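After this come two complexes, each holding subunit A, first together with subunit B and then together with subunit C.
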Partner chain A sequence: MDAINSVKGAFESENNCIIEVLGLEASDLKQKISLDSQNKVGAYDLAMADDPWMPELYEAGLFANLTELGYTPDPDFVEESLAIGMHPYSNGDIYTLPFAGNVQLFFYNQKIFDDNNFSIPDSWEGVLEIAKAVHGKDGKVGYVIRGQQGNPIVSDYLPILWAYGGNVFDENWNVIVDSNEAKEALELYIELLENGANYEKNDIVAAVSDGKAAMSLGWPSWYISGETATAAYAPIPGKATDSGKKYATGMIGNWMMGVTTNSANKELAMKFLIYVTSAEAQKTAAEFGGVPTRVSVFTDSELNKKYPYFTAILEGTENSVIRPRTPLRTDIETAYGAELSSAISGTKSIDQALADAKAAIEAIMNK
Partner chain B sequence: MRKKAKKKINVFPYVMTSPTILLLVFLTVFPLLFNVYFSFTDYYFLSPGNVNLIGIKNYVNTFRDIYFQQALFNTFKFTVLAVISETLFGLVIALFINSLKTARKSMRTIFLLPTLLPPVTVALIWQIMFSNNYGIINKMLGYIGIDEVNWLMDVRTAFYSILVIDIWQYVPFTFLLIYASLQTVPKTQYEAATIDGAGF
Partner chain C sequence: MRRNKKSRKILRGTCSVLILIWTLFPVYWMISLSIRDDAELISSLSLFPGSFTVKHFAQLFVRNNFLMAIINSLYITFTSLAFALILGLICSYILARARFKYKLKGPVLFWVLLVRVIPPIAFALPLYIMMNKFSLLNTKIPVILAHILVNIPFIIWYMLSFFSGLPEEVEESAEIDGASDMQLFARIVIPLVMPGITAVAILSFMTSWNEYLYGVIFVQSPSNFTIPLSLSTLNSEQELAQWGSIAAGGIISLVPIALFAIFAQIFLIQGLSSGAVKE
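Here is the complex of A and B:
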């Protein structure tokens, strides 16, 4: 909100209009824009949305087709971010533009790494070795997983699954959560837990920042604020083993912005959307905590000196993976998360948990 | 012959209560009935124009869902354990406070404090106390040589940790009910019981 407010003034004076910005908590935002989309004339000309919501919102026709309104794709946007704004994903018309960048990163405690002469691991095998070396010594925790049911455990486990070459669906939407790759990834995840701990988000951040734990995955905003970061960071390892194939593993989590279908001011709204996502606006917004989505802003030398994490976010975004593009994502996450949680807690074997997850996801997809 | 006097209807109470009743109807009763109706349809809030009646299919799907079944079982187990524990602890505390000769009022106030806090505040306080990093409970256990327990994230302890929180917050409520009942017992009954040899 601060980022938008920081740039809207110039647009208002140039276009003789007033822009009112309404800040809402995520679930409230989704509910409000969804309900408003059913009105003949909407209360909002533009709306922001988290990228996992997009399949549902696109299918519901909440956002106006920007391509039909005359918008042409700007190649300065990071390709992976711009693809989220397309419907169908990555090759359809453009409906939204990436407003705020975000991608999961690998966070580690610099002091623990320095004291033990560890280098940033390339593979998950390497992460496990470090976790084993650290865990239990002076009360330290090797690796912290975020193993609560639902979104936390799924977000925490998927990058490892991707590094092993696995996925939730294949290209034909067959459920493949019980593949050999998935079993190996879950075995490693459980080994990481055995050489670490299962904490909730605030405890993860505190543990890695204070040097109680060595490593975790996380979103940049957990550890990075303005020019300072409480833990060191790097893109998520993309390989299962040091000699294995490298895959894209960074879970992308951009916030998108689009013109609502029932907006009474579509042209002006699109003009503002282009303005607020422009390189100039993103540079100004960066001073107020905004994370860019354009290559030229990520690589701007002055901004890079001030916000060195931009490089890691750009690299992570360029090697990122999108969560399954289905409106049923929330139900899938609930079922998948429950089974993953059963596996890590030992109430089900890996084979059983993944077979049950497959059955549950298939049932959801067949509803 | 005298005409029977017409009974006058006193409209004043109806006028006074009507704003509340209207609010209740519009904000509670109507949405509730609306939801019950929609539970028998395939209503989807993003495409409200296309609504079909589907009978009890939503209920069948819900009760067939293994995660719902698990949640239902956990809720039942939680309710039984919480009600029994809260009643027992409430009874013990009420008997204790009732037996006090001094400081009864201040003790009563202190014991009532947890139930006055909003559940969100209680959840946050206990989340901090149960924390692995800075939680006071693990710190205190550490002083007596007990290893850190992952209270809220370990499947063996999470359910009971939440149960403890609920008991902590709602024991004062059962205490209050039982204590109020104890206050109504006449003194003579205690005296008679003492003469008969009752007591600890």
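Here is the complex of A and C:
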């Protein structure tokens, strides 16, 4: 919200209009824009949406087709980010543009790594080794998982699953959450917990930035660090073992913005959308916590001096993975998260939890 | 015997202290969080603040337009409370005193209760569609109407026992003395149930002041944000929770409730003592 407010003034004076920004908590936002989409004339000209909501929102016809409104794709956007704005994914018309370039990254305490001469691990085996070396020494925590049911644990576990070569669905939409790769990944996840702790997001940032914990996974929007940062970001390890195959593991979670189908001011709204996602606006917004989505902004030398982790975000985005494109994602995440949570708490064995997760996801898909 | 009395006194004292700590600690903790600086808030927290700042209070007003949220909350709460009290008290008195044909009193009371016990979200969507049809969504009216809807059943049920408990002879005497129905209700009945009205007003005020669900569904513009809505934007999944500002907002939002409760207590005590002495 601060990022939009920081740039809207220039547009307002140039176009003689007033832009009112309604900031809401994510779930409230989704509820509100879905409700408003039922109205003939919408209350909102533009709406933001989290990337995993997109299949559901596109199918609901919430966003206007920007291609039909005359928009041509700008190659300066990171390709993986722009692909989310297309429906069908990556090859359809453009409906939304990437506003905030969130991608999941490896989040670590620089001082702990420097003091122990650790280098950034490129495998999960390496992460576990560091966690074991750090955990318990001077009360420090090796690795922090975000193991709360639902979205947190699923987002936290999927990059490890991907690094092991596993996934939620295969290319034919068969559920494969109980594959051998998934079992190995969950075993490692539990071992990480044994050499660490289970915190929620605010405590993760506090622990890693304060040097109480060595590593975790995080999102850039959680921790906008400056030059004096104690914690840092790096791309998520893409291999299970040092000698294993490297996979893309950074979960993309861009925030998209689009013109609503029932907007009464489509032309002006699209003009603002193009302006607010422009390189110039993104550079200004970066000073107010905005995470860019354009290559030229990520590679801007001045911004890079101030925000050295921009390189990690760009690299992470270019090697990112998109979550399953299904409108049933929320239900799947809830069911999957509950079973993963049972496994890490020891209520169910790994085999049982993953088999139950498979059955639950299949039931949702067959509804 | 004396020892028994003493130990009972100590036990009572200990329980009181524990309950007091249990009740007041969250308030203390909120105050203590609101005055700590950001660095302390993201490190391990001690029981007592290690830093002092009023930055979070200032930020709320400068960045989050919290003054507007306070004004909106006061406007919505007092307007809805006034309507809910007037309508609720009249309904409750009628239900307590009037004789209904076809034994309709029970079903009517049950119907009123249903409005209160059905999950609010069940009303939210039909109300949203209705408000939209009347083009009211860009105003504060939908939220005010929703708060009235929530509070009326509560007021009716809460006041029912107060009205039923009044001796009918008092009302009959007033009628014999020539009081009209309105005079009887306003001048005789209402003063006698003032403690009940005060208590239900405090509880309804709190419900309305803290209400979130209808607010988040009906409010379309930040200029209509209430305090709960404004505070919710400080804790999103995508960004870190701004604990200092949330705590500061919580402290500020406590003030009107506390003032209202203190003010209302005067009526509560007056009502309790009225009629206690035979003159």
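Criterion: the second predicted complex is superposed on the first by the 361 of 367 C-alpha atoms of A that agree within 3 Å, B and C clash if a C-alpha of one lies under 4 Å from a C-alpha of the other, contacts with A are read in each partner's own complex, and residues count from 1 in each chain.
In this text, contacts are C-beta pairs under 8 Å (C-beta built on N, C-alpha and C of every residue); 3 or more make two chains touch, one makes a residue touch a chain.
Predicted model only: the values in this text are computed from it and were never measured.
On the superposed subunit A, the two partners subunit B and subunit C do not both fit; they clash. Contact with subunit B, but none with subunit C, is seen for A:Ala197 once the two complexes are overlaid on the shared chain.
By the touch criterion defined above, A:Thr334 lies against subunit B but remains apart from subunit C after alignment on the C-alpha atoms of chain A.
Once the two complexes are laid over each other on the shared chain, residue contacts for A:Gly250 go to neither subunit B nor subunit C. When the two complexes are overlaid on their common chain A, residue A:Ser37 makes contact with subunit B while staying clear of subunit C.
When the two complexes are overlaid on their common chain A, residue A:Lys212 makes contact with subunit B and with subunit C alike. Once the two complexes are overlaid on the shared chain, A:Gly147 sits against subunit B while remaining clear of subunit C. In the superposition on chain A, A:Ala60 contacts subunit B only, with no contact to subunit C. When the two structures are aligned on the shared chain, A:Ser345 is found in touch with subunit B, with no touch to subunit C.
Clashing C-alpha atoms between subunit B and subunit C appear in just one of the listed stretches 73-81, 109-117, 145-153 or 163-171, and that stretch is 109-117. For the contact definition in use here, the residues of subunit A common to its subunit B contact set and its subunit C contact set are 35, 38, 202, 206, 210, 212. Put simply, subunit B touches subunit A in their complex at residues 45-48, 61, 66-67, 131-134, 150, 152-155. Those residues of subunit C that touch subunit A in the complex are listed here as 42-44, 63, 125, 128-129, 132, 137-138, 216-217, 220-223, 232-233, 235-241, 243.
Every residue of subunit A that touches subunit B in the complex is listed here, in rising order: 34-35, 37-38, 56-57, 59-60, 62, 147-148, 197-200, 202-203, 206-207, 210, 212, 334-335, 338, 341, 345, 347, 360, 367.
Residues 1-2, 20-28, 31-32, 35, 38-39, 43, 50, 100, 102, 151, 201-202, 205-206, 209-210, 212, 219, 221-223, 255, 289 of subunit A are the ones touching subunit C in the complex.
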